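If you scroll down you'll find the structure; I have some questions about it.
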Amino acid sequence: MGYFGKVLSGFGSLLTGMRITFSQFAKTFFGRKNVTLQYPKEQPKLAPAFRSAIKLIRFEETGTHDCVACKACERICPSYCIKLSGGKVEGIKKKRVAEFEMDFSLCSLCGLCIDACPTDTLEYSKVYEEAGYNRDWRVDLVAEFREYEAEFVEKQRVIEEKAATAKKAKAEAAKKAKEAKKAKEAEKAKEAEAEAADTAEKPDTAEKPPALEAKPAKADAPAKAEVPTAEVPTAEAPKS
Amino acid sequence: MSKALLEVLEPFTSSSEESDYGATGIHRRHTTTLDNLARVCEAFLGAGYIFEMLSCIDLREKEEIMRLCYTFNSLETADRHLVHADIAGGLEAESFEAPSISSLARGADWQERETFEMYGVTFVNHPELERLLLPEDADFFPLRKDFGRIEDAEAQDD
Amino acid sequence: MPETLSQLLDDSVLAMPIAAGLIMGALTINVLMLVWAERKVSAWIQRRMGPTEVGPFGLLQTLADMLKLISKQLITPSNVDKPLFHLAPLLAFAPVIAAVALMPFSKSLILVQNDFGLLFVFAFGGIAVIAIFMAGWGSNNKYALLGAIRSVAQSISYEIPLILSALSVVLVVNAMGFTLASGGSIVVANGLDLSHIVMAQDQHGLWFVLVQPIAAIIYFISALAETNRAPFDIPEAESELVAGFHTEYSGMRFSMFFFAEYTNMLIVSMLAVVLFFGGWDGPVLPGPLWFFLKSYMVIFVMMWVRWTFPRLRFDQLMTFCWKVMIPLSILNLLATAFVVAVL
Amino acid sequence: MTNAVPPEATPGGGDGEVYSLNMGPQHPSMHGVLRLLLDLKGEEVVKAKPVVGYSHRAHEKMAENRNTLQFLPNTSRIDYLSGMIYNLGYCQAIEKILGIEVSERAVYIRVIANELNRISSHLLWFGTFLLDLGGITPFLYSFDDREEILDILDQVTGSRLTYCYGRFGGVTMDVDEDFLARTTAFLARIRERLGMYDDLVAKNVILRERCINVGVISTEMAKSYGVTGPSLRASGVVYDVRRAEPYGGYEKFDFDVPVLHEGDTMARFHIRISEIEESCKIIEQAIKGIPEGAILPKKMPKRFKIPEGEYYFAVESARGHFGMYIVGDGTDVPAKLKLRTPSFSNLSAMPEALAGTMLADTIAIVGSIDVVMPEIDR
Amino acid sequence: MGKVDKGDLGRFLPLVDRSATPVVDPRGAEVAADPAVVRLAILDDLLNMGRANSLWPLTFGLACCAMEMMAAGASKYDLDRFGAGVFRPSARQADVMILAGTISKKMAPVIRQLWDQMPGPKWAIAMGGCTIDGGPFKYPNQYAIVEGADKIVPVDIYIPGCPPRPEALIAGFLQLKEKIKAGRKFNR
């Protein structure tokens, strides 16, 4: 019986295999339900963390990116795919990037540049369906910000001037406050002598030491030099 | 670390010291000479250890040697021994010889071929010492320190 | 005797070319549909969609394949045995058409009325083996040679159970006999005549698959092996021998092998329908339609088997044939002979 | 198909009986770019000589040209099927050397990501192994499951295959409720699918004929060649780096190491399938016990200098014991980074395992060893 | 600092304006960007239509991108919808060579040999950064890899990414179909 038993059990296992494939066939054919994502018709639902080539973030406050061309990303990139140049812009203290070119065919999407960026102005773009006839996949990150650049520099100059004037004003206010304090002390000193003079006649009125006038709290830490935007008054919404 | 193994190893290793597994991942480090290598390997394999890895450090500039590093590990309890064997020879020495242990641990066969190809260390009485990874006509030893440095390429560019 | 199509054409000289043209047209359309069906069935089994972009439901997909294959460059490798290399696709392609001519599509619609049609079909089936061996040997490629050797061994050893299982049906037909509708007389049925087999089933309203279930299973399995399909597709085992015997063929030559394989599949399933599933007899629909519907069902089962099972190893294939299939078919034949003798 | 092999490259042959066949770097079941020079007598393999190196990308040389942080993207491309295990393994190695503290939550996230990656690697192996044996449909079923894992991991790491998810000290992105819910749903789905695969494949008589006592690797042979991972556990040795040298929080989870003693292809098949089950158990415990907390330390040093000395750190990848032997010389560029990859030793056992088998078995055995070529060629 | 997320999937803003580059057909026929320039015979259109819709790729994975190529062929992204699902193992029956993965120097002659073995109108898709110009493995003085597949075979379609998603491979196939039909859009 072993011989036929083996043949029959073997045959049984073949039938179970066919039952399973037919159940899958039925699900697709009769049940009209397959697992295919019809790409050109349906776009895939990309995860928010999806990584594609890096791009500069457009911040709401300034309406443009915040790259100061410090080349931290260029140094950290393992595949040498970032090349950027930029620096001082006449009229404002803040440095700006002029050329930011990134070769997406070299990039391994490791994200080290995004971690290394001091001003956190880099993020992943969501481009996933790039294919083309051309071998050159260099991406120009600053292209979309060029036309805002002049306007940004203008706004930045205004901000910095205001900041400068505000600092000057505060400096004078601080000076005035110092003189005023000196002047007050001078009067107090005179009154004190005057009182001392008449207390000399009636010693019983205990002299109340003038309440130590709280030294005017020095203006908060002098504004950090390099990021004036922090204290910028709310600029009007950028016409993006 | 079975004490028996240490006694057996004693005559063949010139120095052997404890190393803190927590930081380095190695229980014990030994140094031995080239001709004792085979017996050290036999001791380990006899005690049920397996040959885990063969690597080579190119110290020809600093210490005029090419250091072979073997690690043996036991499968039952984690017990990793690192064995150093140094081949004398400075930058200009063009051949480095070392005994092959592929007859004892078959796993060493390919690792020795790879070390030969990457560092130029020829293993004596190795069954078929040929290139493994590089193209057949490659005549350079890539992992040597003086080969293919980035600054050389940049020097050529500008 | 049912008039054949040629008598309809009153024996004019044109009868044969027209018949050949008809068969070629029918077969080409059939192969186009079969290849499309194979890709769609495999897609549905694998929960995906199969060709959908070309034509309404991807129906023109195989047409596009054929158009591409026609315009492909025909490469003849340098040190190749030229006569064998060029002849092999033709030889694989030709006998297949001849076999279709013998099939009884309906009581009257039969191209070549022949007393021993069954024998002819098996004979033409045998020629295909020579073609595959020529292809394998001719293309001077180790993979092709291995594939060819395997296919010869497989086809020869699986023809035996194929024929034995068909023989048991022939025995049953000879025993039963049947009355001709017109003549009303008991006619000694000639088991080898395909239309007689179908008429026997038609008269007694009893499909032979019920009479001979074991023979049907053996027939189906060895038919799979004959056409190098699925669990037995060892000659062109994709994962071992790259592409088996047609490794070196490109363009139209390759598509001839493709054509031959799918037409072989069609013939084998038509024969299965004739032998076991009662040919053209069916309640409402006209004869030929039933005939094609049944053979497409058999082809669907063949495709279903292909996309389910892994491949047998070569020596297992042989032991399975000689140790399981042939003893079983001989036992079945003896049992039928005994039952027929007793009745 | 490159059968036009230069004559001198094919050893043996010529005495009429034995001829040599070149299963070239481009072959449907050579798992990428492995090349086997087979000396065949008829269908039987007399001698097999694997030729490797067709995807040698100089990872170790690159490690000596880049600082420790810049080597991160390379790690997941050494073995792209268990890219997460390698990437996080490299981070754990450097953390151990530099003594960087990893928050409890990051440890749990790493365990979940590792085990998901191991399941996806085993599923891909299951598919390609069946493809080698001729069964095409299970390949697409297992890919369908694997796509689910890739989507789950894509949600957190942003990439599908070559992850760069680990940083020294933690992971780049936090895990939210949706991720955990999807993983739990996936666990239920894969367990039910494993039942279906068992019926469709493991019980199939053709497959059992093709796999049972085919390519038996004895325990001594496995130990002598340094075979590790599922192939070693199928030959009767209980060795799993997660159990032998616990790292990355694996000592917190209880899972058992499946072991079989036959050492044939069927044993390796069952080992990998039961390992998927074990990984599911680990993920379940990790999801239940995942604590709250930060995933990256606040202050990260600018440069990660490796102190003087030699370090060895091993992780259990889907294919076996992956060891990193790092020699530091005080700068942030390692003096030497040796990658002891499991498939390298597993494949070196092939010439002895393949001798005397049929041609079709050669494909089945190499498939059952689960070889990934760039991991061998580094 | 809130960021403005336009949310559109968008396309790269390429440094080089790619739309202007003419579609240079390596087989010599200068097919300018707008198809009206070259008047192809109807039969040629028909054959091109057939070729475009039945591109049989060669099973030929090199490294990580091969996994994404297999995923494109699998159920979820089903390459077979475009008639390109038939992966032919033998070079004689393949039309498209998808170079998926890093090309090492030892593999270069093999790729060239496979390319020569492929018959007739044949195309090549360079998938992934490594086949475009070296990808993450390109650094000065790299001794092991060939930086860019077009040093070996004439490449028609470049798909950047590391690895590119299966949708990008399908987009590459669609673009190759447009190229084969010489930019003529039949009533799709």
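Note that the chains are named A, B, C, D and E in the order they appear, and that numbering of residues resets to 1 at the start of each chain.
Keep in mind that, in the parts below, contacts are C-beta pairs under 8 Å (C-beta built on N, C-alpha and C of every residue); 3 or more make two chains touch, one makes a residue touch a chain.
In this text the structure is predicted, and so the values were computed from the model without any measurement.
Given the touch definition stated above, what is the smallest step count connecting subunit B to subunit C?
The distance in steps between these two chains is 2.
Relative to subunit E, which chain has the most distant C-alpha mean position?
B
Of the chains present, which has its C-alpha mean closest to the combined C-alpha mean?
It is chain D that sits nearest the middle.
So which chain is farthest from subunit A, going by the mean of the CA atoms in each chain?
C
Can you compute the centre-to-centre distance for subunit A and subunit B, using the mean CA position of each chain? Integer Å is fine.
Spacing between the chain centres: roughly 49 Å.
Using the average of all C-alpha atoms in each chain as its centre, how far is it in Å between subunit B and subunit E?
That gives a centre separation of 44 Å.
Report, in whole Å, the distance between the mean C-alpha point of subunit A and the mean C-alpha point of subunit D.
Distance between chain centres, rounded to whole Å: 38 Å.
Which subunit B residues touch at least two other chains?
Correct list: 133-135, 142, 148-150.
Can you pull out the residues of subunit D that are in contact with at least two other chains?
1, 27-28, 53, 56, 58, 61, 65, 73-74, 77, 137, 140-141, 144, 147, 162, 200-201, 204, 206, 377
Which positions in subunit E touch two or more other chains at once?
In subunit E, the residues touching two or more other chains are 74-76, 78, 81, 89-90, 92, 106, 117, 136, 139, 142-144, 162, 165.
Kindly provide every pair of chains that touch.
Pairs flagged as touching, ordered by label: A-C, A-D, A-E, B-D, B-E, C-D, C-E, D-E.
So in the complex, which bits of subunit A are touching subunit C?
Subunit A reaches subunit C through residues 7, 14, 17-18, 20-22, 24-25, 27-29, 34-36, 38.
Quick check: in the complex, which residue numbers of subunit E touch subunit D?
Within the complex, subunit E touches subunit D at residues 58-64, 66-68, 70-71, 74-76, 89-92, 101-102, 104, 106-107, 110, 113-114, 117, 136-137, 139, 142-145, 162-163, 165.
Which of the residues in subunit A end up touching subunit D in this complex?
Touching subunit D from subunit A are residues 9-11, 13-14, 16-17, 20-21, 24, 35, 47, 49-51, 76-79, 108-112, 115, 124.
Spell out the residues on subunit B that touch subunit E in their complex, using ranges where they run on.
133-135, 140, 142, 147-150, 152-154, 157
Okay, in this complex, where on subunit A does subunit E touch?
Residue positions touching the partner: 34-40, 43-44, 46, 52-53, 57-61, 66, 78-80, 101, 103-109, 123, 125-140, 143-144, 240.
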